[in-house]
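Which chain is which? They are A, B, C and D, in the order written, and residues in each are numbered from 1.
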Amino acid sequence: MAIMTKEEYIESLRKMKPVVYMFGERVTNVVDNPRLRAGIEATAATYEAANMEESRASIVAESPLIGEPVNRFTLPPSSIEDLVARVKNNRRLGGRVGTCFQRCTGLDCLSALSIVTYDIDQKYGTPYNARFLEFLKHVQKNDLTCNAGVTDVKGDRILNPCEQEDKDMYLRVVERRSDGIVVRGAKAHQTGSLSAHEIIVLPTRALKKEDTDYAVAFAIPTDTPGLIHVVGRSTLDTRELQGCDIGNTLYSKYCPTVIFDDVFVPWERVFLCGETDFAGDLVVRFSAFHRQSHGGCKAGRIDCMTGAALTMMDYNGTSKVSHLKQKIIDMIHRAETLYGCSIAASYEGKKQPSGTYFIDSVLANASKMHEGKEMAEVARLLVDIAGGFVSDLPSDKDLENAEIGPLIRKYLKGAAGVPVENRIKMLRLVEKLALESADSVSDIHGGGSAEAHRVSILRESDLEGRKKRTKRLAGIKD
Amino acid sequence: MAIMTKEEYIESLRKMKPVVYMFGERVTNVVDNPRLRAGIEATAATYEAANMEESRASIVAESPLIGEPVNRFTLPPSSIEDLVARVKNNRRLGGRVGTCFQRCTGLDCLSALSIVTYDIDQKYGTPYNARFLEFLKHVQKNDLTCNAGVTDVKGDRILNPCEQEDKDMYLRVVERRSDGIVVRGAKAHQTGSLSAHEIIVLPTRALKKEDTDYAVAFAIPTDTPGLIHVVGRSTLDTRELQGCDIGNTLYSKYCPTVIFDDVFVPWERVFLCGETDFAGDLVVRFSAFHRQSHGGCKAGRIDCMTGAALTMMDYNGTSKVSHLKQKIIDMIHRAETLYGCSIAASYEGKKQPSGTYFIDSVLANASKMHEGKEMAEVARLLVDIAGGFVSDLPSDKDLENAEIGPLIRKYLKGAAGVPVENRIKMLRLVEKLALESADSVSDIHGGGSAEAHRVSILRESDLEGRKKRTKRLAGIKD
Amino acid sequence: MAIMTKEEYIESLRKMKPVVYMFGERVTNVVDNPRLRAGIEATAATYEAANMEESRASIVAESPLIGEPVNRFTLPPSSIEDLVARVKNNRRLGGRVGTCFQRCTGLDCLSALSIVTYDIDQKYGTPYNARFLEFLKHVQKNDLTCNAGVTDVKGDRILNPCEQEDKDMYLRVVERRSDGIVVRGAKAHQTGSLSAHEIIVLPTRALKKEDTDYAVAFAIPTDTPGLIHVVGRSTLDTRELQGCDIGNTLYSKYCPTVIFDDVFVPWERVFLCGETDFAGDLVVRFSAFHRQSHGGCKAGRIDCMTGAALTMMDYNGTSKVSHLKQKIIDMIHRAETLYGCSIAASYEGKKQPSGTYFIDSVLANASKMHEGKEMAEVARLLVDIAGGFVSDLPSDKDLENAEIGPLIRKYLKGAAGVPVENRIKMLRLVEKLALESADSVSDIHGGGSAEAHRVSILRESDLEGRKKRTKRLAGIKD
Amino acid sequence: MAIMTKEEYIESLRKMKPVVYMFGERVTNVVDNPRLRAGIEATAATYEAANMEESRASIVAESPLIGEPVNRFTLPPSSIEDLVARVKNNRRLGGRVGTCFQRCTGLDCLSALSIVTYDIDQKYGTPYNARFLEFLKHVQKNDLTCNAGVTDVKGDRILNPCEQEDKDMYLRVVERRSDGIVVRGAKAHQTGSLSAHEIIVLPTRALKKEDTDYAVAFAIPTDTPGLIHVVGRSTLDTRELQGCDIGNTLYSKYCPTVIFDDVFVPWERVFLCGETDFAGDLVVRFSAFHRQSHGGCKAGRIDCMTGAALTMMDYNGTSKVSHLKQKIIDMIHRAETLYGCSIAASYEGKKQPSGTYFIDSVLANASKMHEGKEMAEVARLLVDIAGGFVSDLPSDKDLENAEIGPLIRKYLKGAAGVPVENRIKMLRLVEKLALESADSVSDIHGGGSAEAHRVSILRESDLEGRKKRTKRLAGIKD
């Protein structure tokens, strides 16, 4: 059966045995580690939604590949409707969890591979698309979560992969065997790598001919031998571990660096190996899909931030203050801009030779450019509205202290009728929404750097046509 | 036959005899006045496009009302496709003329009336929708251009219509007769009123019960007795009259104030008369449609401005300069933002009881908020890229002067291989694109004030839902 | 002797016995608590600077009151030179510590009191100024650090103090005795309250007649009985406690809520008691001085952030990338804007009746408006330049782990020649500079809310003069 | 006597016989041409102010060179006070005339030459400084206005001067004679060249060794044989000529291109001739001074725009509308930012070897960067506040028309008690203030391009010091 419940999902992860380090120590029980679990819960929300009355119809669709209902997070888009559903589901789920649900990157990889493996095969007669489709069936039939292993650590950024002093700064094939390949390298910022069953690796950039070993794409289980997940630090990372002052009481986000310490990949899971001319296309397709994704989930996150701001106004007694209402409008406006451009990118998608649909890349990048600049402004507005306690609210443990607890309760009281606990909880949530670096840094760097989005727009806009039409108005003939 | 050619359109205007003043003098031959003609040519482009191979399919569609192909500028949207076509055609035409083509406001009125007259009739049993459909048939069968008479002069803006010292500061019914009504007032900023065959008047704001006389909507020919068009001044308004230094050699824009000096309107052309509770709905619908429209045409105008900027870079020898390329990206990004939000508003439209489709108002207003703020920035970037001659280029007449002409030609030369005349023409066009107030002020005030767009977004967003979802994350039950 | 060394300062704090809670537990040794100590070190830098060759001349000046050299942080400005020195010292020290050094608020209080106590006495014949000067002598002779107790917790913000359900939501006099007064209330966001020897309390807002009990200003030692410091949580607050991943290895910031649980204040330390008409003036003066202060220290903090960004470019191999250099310019530009407006406010200061100099309030508020909006943008630019590891860098403890330490060292290597440890340290510092909420929230809320700065500008600008001069140009006589 | 009255100034111009073309025709009476006269009146305001009670003390100062009181517009700064007076006078006068008064560029040239001619002589033993001081005495004794001839036409901007196809695209020495030199070229954007007695020519950029002929600086009367002033077109340039709809009823601005058609310059007026290594320094000094100047006059122009906005609020009945008041604050904030940074640049000036004071260049460029970006925003805000009539107000001639005049008066009425003529006049002034290209383009390009300001900031900031201080915090030793 192709649709898992949330519980089945959690249990399926419990069976996996990935190698994980955090704060210098090995983590053996991933699922019950409170920090990691909060992230897993966010992904679990995508399973839960598939089984909830009000969202099932949006999240579940029939797969033309396996002829069964599947969770849309395993379904590369084969229609405009599919493209649009991606953004709408992302907004709904981003708004539901208030952070990253960590399941879109895998779909972005599946979508990119479903286009590009076909194109490679057309040119080179390779068997990548067939392999990929087998893998996709596996994913769909078992309702798996995939993680995107794209961003290499890059070493000296001014140098190409094969120019680096240490050749492993971009993940590469170090051995080709009859049964598969061995790869080495590290992928950074692997949000949700432990919430996933599979890691899909793509190149991180366009490659030159001499970079053959770096032109590699594949998928492997997250507990494959040689894989090491090192969970990095983010601003509020000790809160779940301490079990207090959590803010978002249900969900969170974590980002490991995943090291590929000579990992074996069987040929049936290899989707690119040496065709350097397609590396750029793979990453461009993936990135464009991922930027479209962000236009949904980040709009959803702004919805949360707006809800928190409005609630704080209620709790502070400032819900009628006109300059704060203006700031609410500024927040909503940014959500709608991200969302509008992203959903437009979807509606304007086009069918590719493989049958998969691809979005309008200029509009998707336009959305992402706003995200990279404006999410920080949204967070700033939220802090402005909520007030200074966002940065120095006493701990829940202070509240529990017999001597000072009552005093803190007394002095943190806001508008009449609002339980002080609610005000405290909401202030703590504001801290999480505005200041959790795992979220806020992804606003800037997720889906590639700000400059990458800009360059994409310039590259894919029709500059000559614009010049030509303008010359006509000026009366210039040339 | 429902599709006119450009020539037929011009001749149809020639037959009309509107009362027109400009610079204190009566203008009797509207069509051949060079200033007005440049504006009429812009509207003519909508007729021309309907007859051009490459655009016919986009501009012409079959009307379900008359069962004939019509120009889409006479077709209220009865499908998502229709809504989307509006924005795409607007971008194409805005990009083609580089200014306002002055035919969208009429369609915005037709679209609003096609929704609201139906709703009024449902509530009050009035005959407005039937009258309106008769009028619409007339418009479609004769391929007419309509002008939106919406913005009243408003007097003291803090006062409601009936509180004004002079009761005529908002257009009102001054007499009700058996055959029709007599109206008095003035509508400001009537872009293209002389390029139109009909003026459609709507209220400019929501009304209270006591403002019954102001709740009036109707349509009349632009040369109806009592109508006086006073063409106002804009920054470059003497250029066409002088016949030199025109910039946009093909098109321009003009904006009369239209005075209704006791004008008779027969009942069959009256679409609202006294139902104050629907005045607000009419203006909200019109405005939302008009904001959607702008998301297309203004994106097209940015396309022109970007073309001009790119051409100036070629002509100045700066096409490789990296900070200028960044500014080009900033221009394109703004075009795509306007367009993306507007086209998203269209795809997300919904069918109304009358069968007409209405756009997503939040997204349409999100688009317009960007226009109101960012078009000025686009103009600034264009001037930055083009250089200081935008403000002080010698006149074409200086070029023609035997003594100094050769010197000016010598010193205005730019990059090798570019004829100096072309550089001069493009600089002149930049002046027009960046500094024509008839265009730039409409970026700010067209479709209602900036604040109106903001208030719309706040009013139409689900604030309570956002709060509720956020409280769940904070662990607040209430 | 009026100038303490850093060591003497630390020892002087060690002798104090304030009541402190953090994470629900009593902290008895403030000075050796690693979290609090990092904050105390920042204040200590103001003592160190007074004894360093290169900064002594800037930090030390002779006090006209005691006729001895004093640390300028105890010296209310009695000349333009003093006003300017405030901003320059703040920039230098802010740039040295990379966070808040927590000693300016006390000086801002001293400066405000030195103006307003004089004015009150002039009107009411009260003895406040004499008392204040005695206190100031004490501060100067002992080189004390004072903390500003200004921001009340405020309860329902729409209500005035005496309208609140709980009358203690603004600090107030609950008893008047022959030897002094008893006060009750709480002051929030008391940055550095444990780095200070004295707390100076001022009203937080203008007051009406009925708010007599709230019109109170005074100074008391930070370990006065009844005072309770509850150290609140900020984003990175566990780092110093854990002793790793600290980022800024030398300095930090913490912000207690200070509860006044029926605290006795002797009359000689009371500087306002009941004169409601001067409450507003006190807070306006304090706020204006504090906004001026921020124009220095926050420019210094941007200097640090710019240094970190430039270093990251060196370490990543991106120091020649043109769009990153543009971002560096954008960072510097913001520092200079804050600084320029603040230093202009100082040069344009005016002597007040008491002899103290007061800054130009419009310019000081102009500086603060930029801070409130642009510091978040500076942080965003820093993160953009530094890269995604800002949010998920593995812990120093991972580096120390025998199994994965070498792998992490391998994969975090940047540009050739840069020790990987340096790159890791700098990334960790970037996290602290960009994402420490104790700093970033103060950018927004320090010195009053954004709206307060805006209102100040409107109130203190000559609007009628602007109208009058403009009418002359238009040829309007009235 | 060194101080002229306004009348004497006008008469002194009347005696000059420059060669002038406008709209293809020779203008022989410059002073009485209404378009040019409006510009001359703006410069005349600098003479008037020297003779007005309320401004004399600010405008007039004793020259150390001639030992007489002179107008400060002829006085290179020899103290901090002089530097500050420049900005304050500029703000006052910019606010008085609402446009450019066209006398600061000459002073900026004098100031730059007074520094650099000294430095050249020190290095090369040339006689430039002595010649310059003689010229300065002449200027001061006769209270002359000088014009800055800096911006060359530049041809292909990617090429250096001597690489151009036509070698005259940068002004150059074409002949060296015993009595002087002959120069050829053209200087663009010569604001106020006909309001000036002398043109001071400087190079427009740093030069390489091979560009010797282009390293030339000198001063000549504006009616020197061979000089041709071609007055370019700006947006509202026909208004004064038509004598109606003028807006600013007192002052305006015009910008000729000045062609040097083999002009003889006697040696005693040559201040640089061949020392290419000082060309860059001259233009950098001039530009920095000019950016400082703008921080005053443009703040003054915003003061006018704010006055116009406030008056329009009174006239429209919207003076209590909160979002409009917020926009007023946004306008004032921008004025104070320009001004604050510019005045800070002045106070932070330093004495140069010649004795002249030079401003802090980073702060001056910080001010100018805001101008280049924010003046357009101020204009946008003004239009937003004033309303749509800014772009289409009927002409004064319509008002005079017997038939429609009364109707227009009726319908343009605003708030009760405000004469409709006043509202019309103020709307017309708003058009001038917001949309006159001679002003608005100078906001962007005056004092060099936006990029030039940015590069200056990067070049003159201490980047290494910032890195070093930051490394200390991170615990990095290197």
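Operating definition for what follows: a contact is a pair of C-beta atoms (placed from the backbone, for glycine too) under 8 Å apart; a residue touches a chain by one contact, two chains touch by 3 or more.
Remember, it's a predicted structure, so these values are computed and weren't measured experimentally.
A.B. asks: So, comparing C-alpha centroids, which chain is the farthest one from subunit B?
C.D. replies: C
A.B. asks: Any idea whether B-C or C-D has more C-beta pairs in contact?
C.D. replies: Most contacts of the two pairs: C-D.
A.B. asks: Return the distance between the CA-based centres of subunit B and subunit C, expressed in whole Å.
C.D. replies: 52
A.B. asks: Quick one: report the Å distance separating subunit C from subunit D, using the average Cα coordinate of each chain.
C.D. replies: Those two chain centres are 40 Å apart.
A.B. asks: Which positions in subunit C are in touch with at least two other chains?
C.D. replies: 323, 326, 454, in rising order.
A.B. asks: So in the complex, the part of subunit D that touches subunit B is made up of which residues?
C.D. replies: Counting only subunit D, the residues touching subunit B are 21-25, 151, 153, 155-159, 165-166, 168-169, 185-186, 188-189, 228, 230-236, 238, 242, 245, 254-257, 259, 261, 316-318, 320, 323, 372-373, 376-377, 379-380, 383-384, 387-401, 403-404, 407-408, 410-416, 431, 435, 437-438, 440-442, 444-445, 449-451, 454.
A.B. asks: How about subunit D: which of its residues touch subunit A in the complex?
C.D. replies: 322-323, 326
A.B. asks: Can you list the subunit D residues touching subunit C in their complex?
C.D. replies: Listed in rising order, the residues of subunit D that touch subunit C are 84, 95-98, 247-251, 303-304, 306-308, 310-311, 314, 325-326, 328-329, 332-333, 336-337, 339-345, 347-348, 362-363, 366-367, 369-370, 422, 425-426, 428-429, 454, 457-458, 461, 463, 465-476, 478.
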